[in-house]
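Below is one structure, written out as C-alpha cells, with a few remarks after it.
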C-alpha cells in the first residue's frame, strides 16, 4: 500500500509534467496551471497523510523501488524513505509549492508558453520530492541535479533574452561546481563505508567503526561544497541574484523557499556525519559556520544598496541561508531547520508580493521607479509588511523565533560569529524596510502610463499571499523557546542528541531583547532615511565609493570572470587556434617531410644512364667491400 | 699434356680476368657513345669467358667450355637486340649519345 | 619439363599461325593453350622429378611458381589483343616473344643446372628489352629499351661472372652437386664471391636499391603492357629465381650476407615508398611501389629455410593485384600521351566497376585485409619475427604506412575528382582480366593456406 | 720465367692494352679494330689452354660475327668521325676512380682468398676436343642447347620487330 | 543459433543493398533491424545459457580460426552496433542521398566489420575486421562528405593513414604473439607468459592502434576534421560505434595479453585519459563549428572512458563499458541534431544559428535532453557510466576523481553554451521547421534508450559484469 501512495506522491507531479509537456497547450487558457496545481496538491495530500501518520507512530516508511547502479563493493537502489525530516520538508515543499502554482496561474496567464512553465514547475516539484525522499545519497543526487536543471530551465524561461540565458547557464554551472563536491563526498563515503544508504551510513558511523577520520572530514567538506553550490554560499553564491531573471513565482519557489534549502537539508540529513566529534570534523564545522556567517554579512551589505526589488530579496535570501549555515556549523541542526521553515514562509510571501508589485508595474523592477503603491495594492502591502517584520525578527512574527535561536546559539558558541550574525540581522531589517518604504510609501515615481494601470492583483495572487502571511506570522509556534515541538519532532533524526535546548534564562531574554532592538534600529534607520528624508537611491552613474562597491556586489562577478571564465576561454582559444593546428601540423609535417624527401629524391633519378651505372657499380663495390673486408668467411 | 696452369697459376688468370672485367666496367662508365658502351660490355663478357676456360682447365672439365658457347650465344643475341635498339634510336634521334637519353626521369 | 615444352611449342605455333595468316586466332588459341599448359603444370604438382641430366627439375616449388607465371601469362596475353590493335601485323611477334619469355621464366624456376638458369634469365631479359623498345617510333620507348638493355647486359655480365666463380669453386654447374659440395670443408672462397655477384645480378633484376634506378624510367617509357609484364611477371620471376638459387645451392647464407640483404630490403622499401609519393605518372609510381615490394619480398630471404610458401603467397598477391591494376591503367591510358594520375579523375563515377577493381588492387598492395596483400605482409612479419629480424618488421610497418599515401592518391583521384572526359567503351577483356585477377586476389586473401602451404 | 708464362704475360698485356685502347680511342672505327685485336688476343689465351675449337669459334663469333655487326652499324650511322662529345671532366674522373676502385676491390678480394695449394689436376683425359665437347653439349647439355635456340629465336624476332618498318609508317 | 548470424545478415544486407537501387535505404533499414532482432535473440540465448560461440578452423597453417565469441561484453557491444545501425540508417531518410545503394551498402558493410571486431575471438580475424571497418568509412567520408573537397580529402586521408599506421603496429604485435603462441585465440594469447619486456612492447604496439582509434590525446588530431567533413551518418558511425572499437579492444586484447605492462602503465594512461577529458572540454569551449564542438566533446568523453578502463578495477571497466554504450547513443543523437539544423540552415557555423527554440519547440526539447544526457544528468544513462567511472577513479586516488570530475563542470559549460548559442535568443530570421515525424522518431528512440537505461541499467550491468570479471582476472593474475 505504501508503495502506491509513495508512487502517487512522487509521480503525481511527474505526471503533471508529462501531461503538460505533451498536451498542456490544448488544455485551454488556464488548464495547464490548474492541472499542475492539482498535481502538486495531490502530493501535498499524500505528504499530509504520512505527516499525520508519523506524528502518531514516529516510524519512518522505507520503500525500495528497484536496483539502480551496481558497484563492485555495493549496489545502489532507488529507495524512498519518509521519515520526520523528509516529511517536514515535503510539507512545505508541496504546501508552498501548491500555493505558488496557484499564484502562477494568474501571474503567468499572459505568457504564451504557460504550459511549459507549469510543466517545469511540476518537474521541479518531482525532483525536489526525489531529493528529499531519497533513501540514499545518490537518489538525493538525482533530485539535486534535477532541481538544478529545473532551475536552469526556469531562470532561462524567457529564452529570447540572452542575458537571462546567461544567468541560467551560470546557475547551472555554479551548481555543478558544487555537485562535483557532492560527488566527491559520495565517492569518499562510498569508498569508506561501502554504502550510500543513510540508515546504513548512520549505523556504520554510529557504531564507531574504525575509519579514517581525516577522510571522513574531507568527505564532509566535499559535501559542504556541494551544499554551498546549491544553497548559494560563499564562494558559489553569485548565481542566485542572477537567477532572479526567472519569473517571480520561480524565484519564490525555487530560489527562496525550497531548492536553495537543499544544502541545509543535506547537511541535516547527514548530521550523523557532520556531528562526529573529531578534531578534523570540528574544523569542517567551523568552516561551515564561518562561511555561513560571512555569507550572511556580505550578502546583507550588498542588499543594502540594491535597487532591483527582486535583487534585494535575493541577497536577503543568500544572507538568511548564511545564517542557517551558521546554525548548522554550530551543530544546531533543528534550529537551522526551523529557520528554513519560517524563511520559506516569509520569503515566499515576500517574493510573491514583489511579484504582485511587478505584475502591477508591468515588469518594472527598479524601486526607484516605484513608490506609494500601498494606495493601490493594500493586500499586497499588508502581507509584505508582515513578512518584512518577520524577516526583521520582530516578535511575534515567526522570523523572530527562528533567528533568535540562531543568534542565541552563536552567542553561546562563538561571540565573534554572534556579532557578525547580529550585524547581518540589523542590516536585514534595514534593507527590508528600505524596500518597503521605497515601494509602498511616498509618491509614485513611475511613468504616468504605469500609474494609469496600477491595480491590486487578482484573488489568485492575493490568496497565496494571505496564506503565506498568516504562516509567516504564526510559523514560530512550532518551536517556541523552551518548548519546542520541532526539536521533539526531529529527535529521531538528530544523531547526537542535538544541541542542548536553551534555557530561558536572563541571558536568553537579554539576547532576545538585543535582537529586537537591533531589528528596530535597522527599521529606524530606514525610516529616517527613506520615509522621513524621502531619499531615493541615486542613479547608477552617480554612485561613489563604498556605495558603488556594494552596488556592484564587491565586483565578485568581475573577479570570477577575470580569474576563471576569461582564462579558460583564452586557453581554449589558444588551444583551438594555435595548439591544435600545431599538433595537426606535426602529423601533416611528417607527411610533408616525407614528400619533400621524395621530391629531392627525384633529382637523384635524373634519367642519366651514366649515373645509374655509377650507382650500380658503387653498390657492387660497397657490398663486396662490406662482405669481404669486414670479416673473412 | 700437362696442365698449363701449373706454369701460370689460376690466380693470374683470375687477376687478368678481373682487370679486363673492370676495364669493361670502366668503358661503360666512361663513354657516351652507345656502340662503344656495347663494346665495353662485350669486353666484360669476354673477361668472364676467359675465366671460364681457365677454370675449365683448372678442373679439367668440359662443362666450362660448353658454357662459353652459351655465353657466346647470349652475347650474340644481346648484341643483335642492342644494335637494333641503337638503330631505332638513331633513326628517331639522329644520335646515339647516351647523355641525350634523359627524357625519362624524376 | 612439360610446361616448358608446351609453352615453347605454343610460341612456335604463334609464329606458324602468322605464316598461315590466321592472326585473329592467335590470342584465343594462345589463351586456350596456356590454360592447357596450366593444367599440365598443375598435374605435375606433388611430383619430384628431374629431367635430362638434371637440367630441369620438377618439384612443388617449380610447379607452384610455374603455375603462377602461366596464370599471369594468360592475363597478360589476354590484354595484348586490344593493346596491339594498331600493330596487328606484329601481333604474332609480340605474343610469341611473350610466350618465349614465359618459357624463360619457367626455366628460371625449374632449372637444375646453372646453364639453364642463365639461358632462362637471358631469354627473359632479352624479351623484355625487345618489348620495352617495341614502340620504335616512340622515343620514350626507345630510351626505356636502351636503358634497360644497357643496365641489364651489365647485370648479365655480373651474373655470368658469378656463375663463373661458382663453377671455378665447384667444377660443376649442377645445383645438386653444388649443394652437396657446399657441405665440404674445402670450399674455395670463390664460391661465396660468386654467390654475392650472382645475388647482385638478381637484385638488379628485382630492382632493389641501389640497383633499382632503371625501374622507374623503364616502366615509364615502356609500352604500358610491357610495364605490366615487368612489374608483375618479371619481378616475381626474378625473386623466385633468386630464392631458388640461394636455397638450391644451399648457399649457407651467413650472417653478414643476411645483414646486407636486410639493409637492402629496408632501403628498397624506404626508397621505393618515399619516391613513389611524389610521382605524377602512375606507371612511375607503380615502379617505385614495385621497388618497395621487392624490398618486402627480400624479407623472405632472411628466414630462407621456411619462407618459400610465404614468398609464393606474396608474389601471387602482389602480381595479381598488379595485373588488376594494370588492366585498369591500360584502359584509362588508352590513346593517352601520358599516364599521369589526373587521367583517373572521376573514374569512380564513369566506370565504377573498373574503379572498384583498381581500388581493390591498390588496397591489396597497401596491405588492407581481405585482400591478399594483407595476409602476405602478415605472413612476412611473422616469419621475420620468428627469424629475429624485428628491425625489418618495424621498417616494413613504417613503410606500409607511407605506401598508403600514394596508393590513396589514385583512389582519391578516382572518387573525388570530376571526370575530365566522357565514357569510352571498355574492351571486354579488360573487364574480365581486372575482375578475375582481383577476385583471385581476394580468394587467396580469404584462403591463404591454399597458396601458402603449396610449398612445404 | 717459363716460356708459357712469358707468352701469357705478353698476351695479357696485349689484351689489356687493346681493351683500354678500345675505350680511349675516339674514332668508333678504331675502337672496333682494337676490340678485334683484343678478341684475337683472348683467342690466343684459349690456344694457350689448348682449347683450339673454342678459339676458332671465338674468332668466328666475336671477330667475325659480332664485330662485323658493330662495324656495320657504325658505318650505317656514319659515325666514323670524331663527333662524340666527351663526358664532363668530373664524370670521367669519377669513372676513373670507380675503375680503380673496382679493380682494387676485386683484386684484393681474390688476393685475400685462400691460396690454391698443391699442383693442379692433371687427369690427362681429353676434355676439350671437339668430340668431347660435342658429346657434352649434345648429351648432357642438350636441353640448354635447345633452349639457346629459343634465345636466338627471340633475338631474331626482336631484331626484326625493332627494325621492321610498319605499314602505317609509309603513309 | 550462433553469433555468425548477425555477420551473415549484415554482409547479405551489404550485397542486397548494393543492388537495390532507389529503395536501398529501406532495404538497408530492414537488414539493420533484422540484425538487431538477431542480436536480441542471441542475447536471450546467451542468457539462457546456450552457447552462441563459433569456432571453426579457417586455416591450418598458419593456425587461424574463424572464432567468434559472444560473451557479455561482446554482446553488449554487438547490441550497441546493431541498435545504432538502424537508427543511423533511419536518420538519413530525411536528406537527399546521392547514389543511395552504395551509401547504404557501405554503412551496412561498416556495421558488419564493426560487429565482427566486437565478436572476433581470434586475433587475426579481429585484425581483419578492425581494418575492414576503415574502408567503408573512408569512402563514406570522401564521397558523401561536405565542405571543400580538397580539405576533406586531406582530412580523410590523414585519418586513414593515421589509423592505419596505428593498427599496423598492432599487427606487428600480433605477428609476434603468433610466433609465441602458435595461434591467435584470445584465450591462448592471454595465457601466454610473456616476459615483462615483451609485454611492454606488445602493449605499446597495441596502444599505438588504440590510442589513435579512440583517440587519446595527443593522437586525436584526425578526429575533429573528419567528424566535421564526414556526412552525418558517417560521423555517427565513427563516433557512435567506431570509437568504441578502440576502447573495447583495450579491454578485450590489450589488458589481458599484457597484464604486467597494463599494471605498470596504469597511472600513465589514467593521466592520459583524464588529460584528454580536460583538454577536450576546454577546446570544445570555443569551437565555431557545431560538429567540431561535438567532436571535441567526444574526445573528452572517451578520455574519461579510457581512464575508467585503465583503472583495472571492476567498477572502472564496468563504468567504461556503460559509458561506451551510453555515449554511443547520445553522440549519435547529438550529431543527428546537428544534421537536423544543417538540413534547414545548410550550415554548421554556430554563429549563424540561434533563436531556433521559438520556431521548433519539439526539436528544442529533444536537443536539450540530449545535451543534458551528454553532461551526465542523473536519470540518463550517461550518468550511470560517468558516475561509475568517476567512482572507480576515486578509489585509485581521489585526485583523479576530482580532476576527472571537472568534466562535469566544463562539460556543462560548453554544452550549455553551445545550446544557448544554437537554440536560444531572439527568433532567427531564417525559418526553421520543427521536427518531421522521421526526425522526431529518430531522436525519441535514442532518448528513450537513454532514459530507460539511465533508470534501469541493471540488464546491461548483469550482462557485462561476468566477462569484465573474467578479463580482469586475466589481467590481475600475478
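Per-chain residue numbering starts at 1, and chain names A, B, C, D and E are given in the order in which the chains are listed.
Assume a contact is a pair of C-beta atoms (placed from the backbone, for glycine too) under 8 Å apart; a residue touches a chain by one contact, two chains touch by 3 or more.
Keep in mind the model is a prediction, meaning the values are calculated, not measured.
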> Between chain C and chain E, which partner chains are common?
Replying inline: A
>> I need the common contact partners of chain B and chain D, sorted by label.
In response: A, C
>> Using C-alpha centres only, name the chain that sits farthest from chain C.
In response: A
> Looking at mean CA positions, which chain is nearest the middle of everything shown?
Replying inline: E
> When all chain pairs are ranked by how many C-beta pairs they have in contact, which pair ranks first?
Replying inline: B-D
> Which chain has its C-alpha centroid at the greatest distance from the C-alpha centroid of chain B?
Replying inline: A
> Rounded to the nearest whole Å, what is the centre-to-centre distance of chain A and chain D, using the mean of the C-alpha atoms as each centre?
Replying inline: 102
> chain B to chain C: how many Å between their CA centres?
Replying inline: 27
>> Taking the mean of the CA coordinates per chain, how far is chain A from chain E in Å?
In response: 36
> Could you state the distance in Å from the CA-based centre of chain B to that of chain E?
Replying inline: 66
> Of all the residues in chain B, which ones touch at least 2 other chains?
Replying inline: 10, 14, 21, 24-25, 28-29, 32, 38, 54, 58-59, 61, 63, 66, 70, 74, 77-78, 81, 84-86, 88, 98-99, 101, 103-106
> Which chain D residues sit where two or more other chains touch them?
Replying inline: 87, 91, 94-95, 98, 102, 106, 109-110, 112, 116, 140-141, 144, 148, 151, 154-155, 158, 162-163
> Which parts of chain C, given as residue numbers and ranges, touch two or more other chains?
Replying inline: 115, 119, 122, 126, 129-130, 133, 136-137, 145-147, 150, 154, 189, 193, 216-217, 405
>> I'd like to see which chains touch which, written out pair by pair.
In response: A-B, A-C, A-D, A-E, B-C, B-D, C-D, C-E
> Given the complex with chain A, which residues does chain D contribute to the contact?
Replying inline: 87, 91, 94-95, 98, 101-102, 105-106, 108-109, 112
>> Which stretch or stretches of chain E touch chain A in the complex?
In response: 154, 158, 161-162, 218, 221-222, 224-225, 279, 282-287, 313-315, 318, 355, 357-358, 361, 365, 372, 377-379, 384, 387-388, 390-391, 394-395, 398, 401-402, 405-406, 408-410, 412-413, 416-417, 420, 423-427, 455-458, 461, 465
> Which of the residues in chain C come into contact with chain E in the complex?
Replying inline: 348, 363, 366-370, 374, 377-379, 381-382, 385-386, 393-394, 397, 400-401, 404-405, 408, 412, 415-416, 447-449, 452-453
> Which part of chain B faces chain D closely enough to touch in the complex?
Replying inline: 1-12, 14-16, 18-27, 29-33, 35-36, 38-40, 42-43, 46, 49-50, 53-54, 56-63, 65-66, 68-70, 72-81, 83-88, 90, 96-97, 99
>> Going by the contact rule set out above, which residues of chain C touch chain A in the complex?
In response: 146-147, 150-151, 154-155, 158, 189, 192-193, 196-197, 200, 204, 210-211, 213-214, 216-217, 254, 256-257, 259-260, 271, 274-278, 402, 405
